[in-house]
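Below are the structure tokens for one structure; questions will follow.
Labels A, B and C are assigned to the chains in the order they are written; within every chain, residues are numbered from 1.
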């Protein structure tokens, strides 16, 4: 009798651990097959990205968080922004759009593949990022009408193992200074 | 001379140590190498604790950036020659640099700690393999020892990675950043790992607080847990004895188990010998194969290509690179769970390697997974193209679109 | 007086350690009393050499500043590697003696 019970318990444990294993392997596969890329643009969900408010408004933002446009005209600028206990590695840059105008932007310089720090590519204007660890290449979509692989000013994956666009920082310009407002880390 | 031995006898008698010191231990486990490596790992742990104590006295955790002249960096530490006259480094790197190059005997201390860590990991792997082959979890109290051992192995690998991060050299910072962000693949399955990391450590990018947490974990919390589990494990071995020899003939096996000798002075002398031989091997490695401190890095600096993870996790890194991360990131968790339930699955009654061939093959597969991944990671550059798998696995809401379109300025 | 260079010290260490280890190993199988005598003489000589090396190292690091002169660092590393080699030789001899002692008492008890 007890032997029978023991056997049942062991069967249950083996079954449960097998199911857990198969489930862990299958969940992402199924999830990936059900969803498709077109849905990205459907809603403004930020699953996987944690919004962190840096400043409520440009007026409430300390000057050392901001980067002046004059400085940005010389090339992208790296700034380590410290909010509460957090450090956010931000790269500010000017993007030259296909309509000929310049747009101030900022991105979190952490690769969305493994989390390595990113190197900036581009000279005077910010054109993209390159990951030294596994070679992911991120490029800016600079067409105001949107691009094949991303929306306007989205730092989309151009190549390499990364699967999603770079996390961005919402910015606003005041008195010739670009201030970060909300970072999606 | 005689008075000393009389004094010793008196001491043994009055403190009632005779029974404890002279408890019988079997001989076969002294001779068969399958029984050696648990001891090697344990002794490595105590050598690590000893050297780690002195290293902790000299080390300062911190990510504040310090500028040092490029000429004061040792050429063997650099992956690429520095481009500028001055190099930016973190406070942690400077303190590791001071230990390695500016403190008398600091070089020996750091190298010894490093090599002892490497030896401990190797010994743990061999020990795991040996106990798998012997089926040690089937003896009295063996299941509990198996669970403790798997947890100890997991903690050992953790310690290796935490210790690798602490000097905050370029590779250490990359390891830290990967560690803080890699498991966020679970975010996309609805498990909020990213939030958990920020709640626990305060940031997903290196800050003073993150380094302090890692420092305390490396020198205090994880070693304390290891020590506790190790104590339980030694108690378990005293309770159940060492696992029986892998001999098919019951009569011979019985005879080998009965062939005992007292712990003191027999086994004790052997253990003293083991400790000194181990120290000797480690010191020889320090003298002949000192390892570089690696180059400094500070946030915002250009990252040179060609960095690699520490070898104890190289296999994992290789598989995550090779296979789609959505599938492979959780792989060590599966391996850990499987290792934990091995005593449940293995119900064969065999003792010898020949009778246990299925489990020996499973053990070999385990070792092959780890060995193949490690070797592959070191010898070839795994292609980094987008695989069909990777393209499919973009979750619908993965990309963070630019939230507002900023106004043009020119 | 100039201290001995690291390579001279390394050769001296090897010259003492190699024959001592060989003799201890051989005598372990023949007569443990002699292996102990040879071992302790060798250990004493190596420890004396280590004391000398340690003195040189302490003197060298007394002059160290931050940021350091790279040549001084390289010299310090060389001396410390020699010191590690001396400690390795000492531990090897002690370890061999202990294992030899175990093998003898174990064999004696077994017969």
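To be clear about the criterion, a residue touches a chain if its C-beta (ideal position, glycine included) is under 8 Å from a C-beta of that chain, and two chains touch if they have at least 3 such contacts.
Since the structure is predicted, the reported quantities are computational estimates derived from the model, not experimental observations.
Central chain by Cα centroid: B, whose mean Cα position is closest to the mean of all protein Cα atoms.
At the far end from chain C, in terms of centres built from Cα atoms, lies A. Mean C-alpha position of chain A lies 32 Å from that of chain B. Chain centres here are Cα averages; for chain B and chain C they lie 29 Å apart. Between chain A and chain C the centroid-to-centroid distance comes to 56 Å (mean Cα coordinates, whole Å). The set of chain A residues that touch two or more partner chains is empty.
Annotation for chain B: no residues touch 2 or more other chains.
Only residues 10, 13-14, 17, 20-21, 24-25, 27-29, 31-33, 35-37, 39-50, 69, 78, 80, 82, 84-89, 94, 97, 101-105, 110-111, 113-119, 132-136, 150-154, 156-157, 159-161, 163-165, 167-168, 170-173, 182, 184-185 of chain A touch chain B when the two sit together in their complex. Residues 54, 57-58, 60-61, 64, 66-68, 70, 73-74, 76-77, 80-85, 87-92, 94-99, 101-102, 105-106, 109-110 of chain C touch chain B in their complex.
Listing the residues of chain B that touch chain C in their complex gives 27, 30, 68-69, 71-72, 74-75, 98, 101-105, 107-108, 111-112, 259, 261, 265-267, 269-270, 272-284, 286-288, 290. The touching residues of chain B, when paired with chain A in their complex, are 173-174, 177-182, 184, 187-189, 194-195, 198, 202-207, 209, 299-300, 302-305, 307, 320-321, 325-327, 330, 333-334, 337-338, 341, 344-345, 384-386, 390, 392-410.
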